Amino acid sequence: MNGLPDRMEEFLAGFFGNIKFVEKALLGLEGSYVELLTILSLGLLAVLPTIVPERRRQTWRRLNQIFGIVIFIYVVFTCLGVFGMVRNFFRGMNEIGRENIIALYYCSVPVTILVTSMLFGPAFCGWICPTGALQEFAGMLTRKWTLRRKLRGYPFGWGFLLTAGLVGVVFLLWVWRLAVTRTFFVEDSTIYWSEVLVLLLFILAFRMREWDLKLRRIRILSFWIIVLGALAGIRITSPVHLGFAKVYDPASLLSTVVVVVGALTIPNVWCRYLCPWRCAISWAARKSVRFIESDVSKCTKCGKCFEGCNVDAVKDGKINTEECHFCMKCVDACPTNVFTIKDDWRRK
Amino acid sequence: MPRSSARTVIPLFILAAHAALHAMLGIGGWLRPFELLSLLLLGANLVIALCLWKGSWDLPSGTCTMLLIAGHGLIGQRLAPDSLTSGAMLTVNILIVYVGVKIYEHLSRLHFAAFAGSYLILFYIFLTRMQNAEALFLLFLMGLAATARDFKLLTYFWAIVLSFTACQPYAWETTFSSFLILTALFSIRDSNWNPASVIFLVGGMALLLFVLLPVIVLMAGEDPRNVVAMLKSESVRDALRLTAVTATISTVILAAFCVPLAYALSRLDFKGKSLLLALADLPIIVPQSAAGLAILKVFGKQQYLGGIIFDAFGIRFDGSVFGICLAQIFVAMPFILKGSLAAFESVPVALEGAARTLGASSFSAFKRVALPLAMKGVVAAAILAWARAAGEFGAVLFVAPYPETAPIAVYNLFNSVGLVQTAPLVTTILLFSLAMFLALQILVKLAPGLTRREGSGA
Amino acid sequence: MTPHLHIGGVEASFGSFKVGPVRIETERGEYLALLGPTGCGKTSLLKCIAGLKIITAGSIRLAGQEISGLPPERRGVGLVAQTGDLFPHRNVRENLDFGLHYTRLNRTTRQARLEKHLVMFRIAPLAHRYPAGLSGGETKRVALARAMVLEPSLLLLDEPFGMLDHNGRLEMAELLRMILRELGTTVIHVTHDRHEAWSLARRCAIMNQGRIVQCGQVADVFRRPADVFTAQFLGCENVFEASFTEQTARCGEARFALGYKPPFRSGFVAIRPERIAVAAHGQPHLISGRLIELQDAGDNLKACFDCGALKLTARLPLELAPRLTLNACFNLTWLADAVHAIKPQGDEGANS
Amino acid sequence: MSRFPAATLIVIVLTGTLALALEPQWPCQRGDSSGQASVTFNNGSEINEWHYLHKGARRYKPGLAVWASPAIAVVAGRPMAFIGGYDQTMHALDLSDKRAVWTKLTNGEIQNAPVVGMASGLDVVFWGSADRTVYAFVAYSGRMLWTSELVPPSNSQGDVEMSSPFFMEGRLYIACFAFDKSLPRNSQRGVLYCLDAENGRILWRELVCDGPTSSPLGFKRDGKPHVSIAARRGLLQCYDVSGESPRRAWSFQMPHETLGSPVVADCDGRTLLFLGSKYGNLIALDAATGKEVWQKMAGNWFDNGACVGDVGGRKLVFAGSHDYNLYALDARDGALVWKKALGGEIHSAPCLLPFADRAAVAVAALDNHLYVLDAATGESRISYFTGNPIWDKLVKGETLWGSPSAIVAGRQTALVYGSFNNVVYTIPVEKECSLTASPRSSASLWKSLLFVAVLFCGLVVPLVVRFTPARSATTVSSPATTRANRS
C-alpha cells in the first residue's frame, strides 16, 4: 500500500526538492537578501502584455505564463504562494523604518503586483500567475467537455459529479495517508482549502447554474482568513507553495493536486472561488489605466467571447470587471471587434 | 505608415549618444569593456529604438526612457554597487518616467505638479533624511507611480508614507485611523456639504481618534502570542468566563423584566410616568462606587434585607456570583430600559390594534407584533446592557471583589505587577469584549426575521 | 327583523373630544357609508365598534349579541385602517395568515382559504413581498384581504380610497362591490368623500362633531339634508336663511317654490347647484343674476351669480362655457325638487 | 600537549567527579567525536526543570536561531551549560543551582556552540562570535583567558560566520567566513584557523573554500590528527594537521550544498565520516581515503549534522531531514533501520541519551517540539513543547539551528535546549515536566476536517448564498447584466 504513494511522493520530492537558481534572493543593496530580480522580472512580465503584438497574442500569453512559472519557481524567494504573499506583505510593512532592506525584500512581490494591476489592469492573473497558469494548462485537457457544460448553462451532469467525486477520493486518500504517516501541524492548514474546494465542487455539481457567482464571494472570506492569519503570525502554506519554496510539503502537494484536478472540471476553479489575492487584485485594478472597453452595440451575441473566457467574466460583449483576468481572449475571439483595449489616464 | 522625422532621428541620436558614452567610458577605464549590465542597457536601448521607429511606442515616453537608460549607463553604475541594484533602480525609474510622461500628456498640470512634488518629497524623506532607505525609496516610488493620477489615491498613499515615516512607533495605528478619516472625508464630498460641518467633523474625529488611539495601540501593539499565553492561563479564562456568564445572566434577568416594563411604559400614560423615567436613569448618575456601597448597605450579609435573604434562602450577595449579577443589573438597567422604550415607542399602536381585530389577544399582539418590530432596538439595548454589565468595575468591586471578573482581574494584576505585565491581559479582555460585542451585533444582523424591518410603519 | 348591527346610544370620550351618543342600525349585508368631515369622530366610532376603544355608554349588538363588553379579538369584526396597518415584519402571505393563526382551522383549510383570498384579491403575485415594497393600492388590497380572510360578519373600512389614485379607486370599488355581492358582509365604510359613498353605498349616515346628524337612503339624504351642515357637506353651496309660507320659501326678496309644506316657519333653504340651469333669453326664469366668477371644475363649470341679496353657485354643464361671459346677466332656473327646506339650527330631532 | 593528562587528573581531583566517562573530554561540537552531545556526571545533585529566560536586545535576522546549541560540562563539580545566541552573549548556566554563573557580552552574534576544553590546567570555554573573535574564558568563573581576532576589520565587511571551535590536543580549530562586499562572489574566503589553546596565537590559517564552511571535525587516523571540514557548497576536505602547516589529505565533492558538519565514527575497524546534503543524500565516507562507502537518499535536506552511536550492539547513524523524518541507518552499510515522521521539519542534530535504561535519541523539529525517540525502534517516547518562536521569519533550511544536548546525572537524564522563544530549557526527561506535550494523532486532523466541512456547508455557504447582494443573485449566469446594473 505504501509503494505507489511513497514512490510518487519521493518522485515529487525529488522534483521539487531544490530548484532555485540562486541560493539567496540574489545580492543587491549592500549585499543583503533583496528581491530586486523580482521587481525586474515581474515588471517585465507586467509590461509584456502591453507591448506584445496583437497577432498570436494568446501564444505570447502562454509563453508569458510559462516564463512566469519559471520566474516564480526559480527566482522569486519571498512569494510562498498566494497565502505567503499576503503574509509576507504584512511582515514587510512591519519592517519599514527598521530593516528597510528586509521590507523591500518582503514587499517587492506584492507591491509590484498591486502597482502593475493599478496601472496595467489585472494582467497578473491572466498573464503571469503561476497558479492560474497551472490550472489553465490543466484545464486545456478537458476544454471540450467543460465548454459543452458551460454552453448548456451548467446543467447537472453525472460526469461532473463523478469527477468531483474523483477529486474527493484523491483528497481523502491523500489525507488518510498524511494522517497515518505523520503528525499534523499548523502549516498544513492548506488541507482545509483543498477540503473546501472539494466541497465546493460537490455543491457546484448541483447548483452551478444558480450559485456560481454567489460562491465567488468566498474569495473574500478566504482573503480575510489569510490576512487575519498573517496578523496573528500563523503560517499557512498555499497550494503550489511547494513549487516556490525549497521545502517539500506534502500538504501543499495535496492541495496542488486537488486544485489541478479541480481545474479539470471547472476552469480556473481556484481563481474563481478561493484565491485570496484575486480580491486585492480586482480591487487594485478597478480603476486601472488599461482596461477593455466594450461597445455592446456592435455585439452580435455570437457567444464567442463567452466560450473563450475561463472565468465566465464576459457575456454578450459585457465584461464583469470583478472577475476579469485580462487574458484578452475575448478581444481576440470577437469577430466584430466589440472589445478594444484602452489606455485612459483620465479614468477615475 | 508615414513616419515623422522625429521618430527616426531621435532614437538614432540617442542610440548614438549612448554608444559614444559607453565607448568613452570604456576607453577612459571607467567601465569594464564588456560589463553585462552595460550591454543589457545598450540592448534595451536598441529595443526601444526599434519600438519607436516602428511606431509601437509613443515618442515622449520612449525618448525619456532611452535617455534614462543612457543616464544609467553613465551614472547608474557609479551609484549602485552592483548590476542587480542598478537594474532594479532602472526598472522603477522607467516606470516613473512612463507615468510622469503620461500624466503630463493626459492630465492636468496640477496632477503633474502633485506627481513631481511627491517624487521630490519622497526623495527628500528617504534619501536625504533617512539612513539606509534606498530600498524603501524604490518601494514607495512604485506606490507613487500607481497612485499619482488620482488625488484621492495619492492622499491615501501619503497617509501611508507619513504614517510609516513620521509616526513610526504607531505606524499601523496611524494608517488605520487616517484611512478612516480620509474615507469619511472623501465620501462626504459628494453629498451636499458645507465648510462648517466639515470642519466640525474633522475636529470631532480628531477627538474621537484621541479616545480610540489608546485602544487601538493597546490592541495592535501587543504580541498575539502574549495574548494567547494569557488566554491559556486558567485564572484569566476563569475571569473571562465569569464575566461572560454573569453579564449574560444579568442581561437575561434585565430583559425579562425591563422589556415588558418598557412596553408598558410606551403604551400607558399615567401620572408620575415622567418622574419614573427620570428615576430609572439614576444608576447612570450615581457614581459606581456609591452604587456599590448602596447595594452593599441593603443586600450585604450583615444588613437587614441581605440578612433576611441569607437566612431564608442561603443566598449571600457580598462576595458571590449573585452579588456580581446584582451590581451589574443595577448599573445596566437604564440602558436596556431606555433602549427598549425607544424601540417600542417607534412601533405604531395601530399595528397592535390591527392585530387585535384579527383575533390576537393583547399578549399575542405583544408577542407577534410589537416585540418582533421592536426587536432590533431591544436587542441593541440588550447588547449595550451586556457590554455595560461586563465592563462594570466600581460597583462589583464593592459588592463582590471575589470571584474576580475581568475588570477586577485587571485591577488586581495592575496593583500587584504593574503596567507592562498587565497590558497583555488588557488586550486579551479588550479583544474578548470586542469579539463578543461584534459577534452579538453580527448575530442581530444575521438573525432571520429581524432584517426585514426596512420601511416599517414607524 | 332585528338589525344585524345595532349601535344604540354609544358614547365614548377621547380626552376632551366626545363621541356620541350615536345610534346606527344596519341590516345584514348592507353597505353603509359613514360620511363626515375630518375630525368628526368617524374613525373613533369605528374603533369603538371594533373594540379598540372602550365605550362609556350605550350598546353595540352584532347579530343579536351584545359585543360592547367583549375584547376586540372576540368581536368578529374586521377593520381596515386608513393606512392599511400591515405588519412590516411579515410578508403578504404571512400577513394574511396572521389572523388565521387564531381561528383553530386545520392547516389545509387555512391554506385553502389563504390561497382563495390571495387570488380573489388579486395579490397572489405579491405573496412573498414585504409591505415596504408594496404600492398604495396593493397595500389596501392586502389589508382588505387580511381582514376578509377571517370572514367577519361586519367589516369596517376606514377611508379605503384614501391615498389612492383614480385607477386604484376604481379597482378598490370593484373589489368592495364584489365583497358585497359574493360574501354578503355588512360593511361600514367611513369616508369624507360623498362621491365615494354614492358609488358604493345605498344607505349613508352623516356624522358631525361626534354625532350622527342624519341617516338614511343615499338619495334621501342627498336630496333632503337634515341640516345646514349636511347640506353644505354634501356639496350644496346654496344655503340661505329663509322663511316659509305654505309651499314657498322667502329668501330676502327672492321666492322659491318648494313643492311641499315644511313643518317650520323659518329655517334655511338649500338649492342643489347641479339642478340650476341657465335659461335662454325670453324663457321663463326664476331669478336673474350677474356672473361674477367662473371656474372650470373638471366635469362641470362652477359659476357664481350675484342675484341681489343671494349669491347663487351653480354647477353648469361644460358645453355652456362659450356662452358664459363674466359680468353678464343670466337668467337662472331650476325645478321645484331642487329646493329643499331645512329646519332651523338648534331644533334637534325634528327630522329623526 | 604533555600537560593534558595531568591537567585532567587535577581537574578530576579538584571536582570530585567520579565519572567523566568520555575519554577525550570535549573534542567536538558539543560532544564526542561520535556526535553524542551527552555528558555523564555523578555527584548526587539533582537536575530539575529550569527555564532560563534571557531577552536579548537584538532584532533577529531571518533564518537564524535565537540560541545556538549548548555545550554541557561538569565544571568544578557542578553541571554547567554554555550557550550563546543572537543576544551576542555567552551564558554560563549552573544547571543544579538554576542560575547564570556568568555572562559575557561580545560584539557579534554567537551562531554556534562553544567547546569546553582544558587549557592551562583549567576548564576553558572557547567560542567564536560574529565579531570575528575567538574567546577563551575560564569555565567556572568567567575570567577571560584570551581573545583572538581572526580577521582584521575592513570597511567592506559584511556578515561573518564563525563555526563551532574544535578542541584537539591543545589546539583549537575554528573556521571563519567573513563576507567581503568588495570581492566578487567567487573570490570570498572561508578560512580554517588553528589556534594555540593556551594563548590564542594563530598557528596557521588555511583557505578552505570561497564560501561559508561547516564546523571543523577532528579525528585521529594512524595516530595522526586530522581535521575535516565541509564547505557550504559541498566540498568536504580533510587535512592532516600533524605538521606545522596542514596538508590536504583528500577532498570529496558532495552532490549538493551541505549545511551540517560531518561526524565521525569507528565502524568495523574503519573510520567513517557522515555528512548529509541539501538534496537529501546522507553519505558515509572512509575517513582514510575520502571514498564514498554508502549513500542514502531522504526526501529532503539534511539540515544539520548527524549523530552516531551504539544501539543494541549496532552502530547507528541518526539524521533528521526536512521531509519530517528522523532516519536511523546502519553505519556499516546505510541500511534503513527505522524512520519516524515527526511533526515538522527536523532542523536540529539528534543527540543520544539514556532514557529509562534504554538508548534514546532526542531531536527538535520545526513544529516547536522536542522529541525523544527510542533509539532502537524509533518509537516516540516523550515529547516536549518548547515554545513558539519569538519571531516568525523562519527560513527553513538556510541556517544551522540549535540542537539539544543531554546530561546524565546519576540515573537521571536532562536535556538542555535553547528554544527560539528566548528560553533555555533544562528538561529532566524522566521526571515531571511542565513542557510535556500531549501526544498528537491523526484524529485531530480528521476532527478539524469535519469541523471545517460542517462550518463551510452549514454556515459559510448558506450565508454567502443568502446574503449575496441582489445584483449577482438576479444575474446568475450573465455577468453582462451585472455590469449593466451597476453602471
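Of note:
By letter and in written order, the chains are A, B, C and D; residue numbering begins at 1 in each of them.
To be clear about the criterion, contacts are C-beta pairs under 8 Å (C-beta built on N, C-alpha and C of every residue); 3 or more make two chains touch, one makes a residue touch a chain.
Being a predicted model, the structure only gives us computed values, none of them experimental.
Among the remaining chains, those touching subunit A and also subunit C are B. With centres taken as mean C-alpha coordinates, the chain found closest to the middle of all protein C-alpha atoms is B. Chain centre most remote from that of subunit A: C (centre = mean of CA atoms). Counting C-beta pairs in contact across B-C and across A-D gives the higher total for A-D. Averaged C-alpha coordinates give centres for subunit B and subunit C that are 61 Å from one another. Inter-chain centre distance (subunit A to subunit D, centres taken as mean C-alpha positions): 38 Å.
The distance from the centre of subunit A to the centre of subunit B, with each centre set as the mean of the Cα atoms, comes to 29 Å.
In whole angstrom, the spacing between the mean C-alpha positions of subunit B and subunit D is 44. The set of subunit D residues that touch two or more partner chains comprises 181. Counting partner chains per residue, subunit A has residues 27, 30, 233 touching two or more of them. Looking at subunit B, one finds that residues 81, 225 touch two or more other chains. Taken together, the subunit C residues at the contact with subunit B in this complex read 47, 50-52, 71-73, 75, 77-79, 81, 83, 85-89, 91, 98-99, 101-103, 130-133, 146-147, 150.
Against subunit A, in their complex, subunit D makes its touches with residues 59, 62, 158, 179, 181, 185, 256-257, 278-280, 299-301, 322-324, 341-345, 367, 392-394, 396-397, 440-442, 444-446, 448-449, 452-453, 456-457, 460-461, 464-465, 468, 472-473, 475-484. Contact residues of subunit A toward subunit B in the complex are 26-30, 34, 36-37, 39-40, 43-44, 51, 93, 96-97, 100-101, 103-105, 107-108, 111-112, 114-115, 118-119, 231-233, 284, 287, 289, 343-346, 348.
The touching residues of subunit B, when paired with subunit A in their complex, are 51, 56-57, 80-82, 84-85, 87-88, 91-92, 95, 99, 102-103, 105-107, 130, 132-136, 138-139, 142-143, 145-147, 149-150, 164-165, 168, 171-172, 224-225.
Put simply, subunit B touches subunit C in their complex at residues 348, 350-351, 353-362, 364, 368-369, 372-373, 449, 452-457.
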